[in-house]
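In this document, chain identifiers A, B, C and D correspond to the written order of the chains, with residue numbering beginning at 1 in each.
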Amino acid sequence: MRFRYRCPLRWSDMDAFGHVNNAVYLRYLEEARIDFTSRLARQSAPSAFTGGSVVARHEIDYLRPLTHQHDPVTIEMWVTKLSAASITFAYEIKDAEAEAAGDGRAGAPYVRASTIVVPYDLEEERPRRLTAEEKSFLEGYIDDSHRG
Amino acid sequence: MRFRYRCPLRWSDMDAFGHVNNAVYLRYLEEARIDFTSRLARQSAPSAFTGGSVVARHEIDYLRPLTHQHDPVTIEMWVTKLSAASITFAYEIKDAEAEAAGDGRAGAPYVRASTIVVPYDLEEERPRRLTAEEKSFLEGYIDDSHRG
Amino acid sequence: MRFRYRCPLRWSDMDAFGHVNNAVYLRYLEEARIDFTSRLARQSAPSAFTGGSVVARHEIDYLRPLTHQHDPVTIEMWVTKLSAASITFAYEIKDAEAEAAGDGRAGAPYVRASTIVVPYDLEEERPRRLTAEEKSFLEGYIDDSHRG
Amino acid sequence: MRFRYRCPLRWSDMDAFGHVNNAVYLRYLEEARIDFTSRLARQSAPSAFTGGSVVARHEIDYLRPLTHQHDPVTIEMWVTKLSAASITFAYEIKDAEAEAAGDGRAGAPYVRASTIVVPYDLEEERPRRLTAEEKSFLEGYIDDSHRG
């Protein structure tokens, strides 16, 4: 199962070249992760990720440029690896409508990326292990057909 | 040879957790690359990178958190791979003074990263090959002791 | 008549104090203006504001703090003054739902602001006068009960 | 007496029109205020502004456009009004060198602005009055020749 997040753009996401700047995509991914861990996860695991989490690593490939548009882009997000104390997410950022319409090139992703996230214990001020509840929730989003 | 860029922080680089946000580091790397390609490179190759360049990929590891400080951080930047039509840069972001003082933990990098950059032809609106002049300039910054 | 723009927040709009930063509200106002001048205006005046426009002045009062929330805020926007070559907009940023529910304090604005905008002629690279078509469109949004 | 803050620009401060975006100037003013209240003020009044402060209002006039440049701009900042529980700052953002060289148009400000700031009591979570120490420090920066 993949999580789909509709991410609105802002005009100011573009830089002086008139394209969404490479750094801004990490903001988009952040919005998707926050919605996933602090809203969706808590519907099935109320205390999930309450101490926040920390980004340990990003990999991000820029496949084609994006200019400001009225419609949100869609971020597809899923889990590719689950360890005792870390989660690896993968993502694709694309136009939902173009994809749905089977519109070849237009449906191709703008960006493919992955992030290693480490859950955090705010009181102890250090990384912590995933809880059984969190693991169970995350397992529903494991997708081995990663980047396929 | 490594290029060293002193990068001033802004208070607003911090997010609600009180640390420099993971997306902001890509801004820091951008500042270093722009100074390298549009100021330094042109001292030895006046027409270098005049059509701009495009980021094709980032990898970035977050090693320890950074909070706002008055002193700039130092970005060390060098070339790890040079192809006909792309450059791979590596970087470390650290405190220059702590490092100079041989101050162990304090001298450790906040971030290690690499970026694949593709030079661009603005008139043709497409990627282009590196010129001989650009290659010659970039070769001076090849460092095989990458991340060592 | 007032224009109502639903403006999604981002988690990264908050600063280290955990509130939406004062500079970020100008981004919100920009989003509302761009939707107003480049989408809505063109429904009645197809060539309206095609050369863009320039901000000459902002006034902005911060009335109560805003923290990140899932629901968009509502920006109410209207025209308070129309000259030959400038428009003055006023705005209130508030929670639409709280207001609709007649929920006193909760319905109070976070921000009141105004902006003087100057239409621009891209080819001539200078400010220009409003067209008759633009004026006619803008007159529909004049509201004298400004900040009332 | 006026406080002078050298503010480095970032390439990403520019928007798709190729100029520093109007919202970004509030970041520049923030950097100047933070350096003024949390570094400079504490040299003469060690406990000044320890609970932070809140922006109540900005007025900002955009006088001419600014594009990215290697050299920092200079922010001149001074106090125009001092009340029991608020400070009004005024600012001009300009090129220091052009001004020093008596270079007419080049020395003209990019921006004139003013901000009402309210000191804050973090423990009580509410605005507070200025201390005698803070007032004494701030009085040294009162300049009646405001915007003259």
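The working rule: contacts are C-beta pairs under 8 Å (C-beta built on N, C-alpha and C of every residue); 3 or more make two chains touch, one makes a residue touch a chain.
Owing to the predicted nature of the structure, the values given are computational and were not obtained by experimental measurement.
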Quick check: more C-beta contact pairs in B-D or C-D?
-> C-D
Chain centre separation in whole Å, for subunit D relative to subunit C (CA means) | 25
Distance from subunit C to subunit B - Cα centre to Cα centre, in angstrom = 37
Between the Cα centroids of subunit B and subunit D the separation in whole angstrom comes to 30
What parts of subunit B, by residue number, touch at least two of the other chains?
-> 11-12, 23, 27, 30
Quick one: do these chains touch in a line, a ring, a star, all-to-all (complete), or other?
-> complete
Please give the residue numbers of subunit A that touch subunit C in the complex, ascending.
-> 8, 10-12, 27, 30-31, 34-35, 39, 70
Complex interface listing, subunit B residues touching subunit C | 11-12, 14-16, 18, 21, 23, 68
For the subunit B and subunit A complex, residues of the former touching the latter = 17, 22-24, 26-27, 30, 52, 54-62
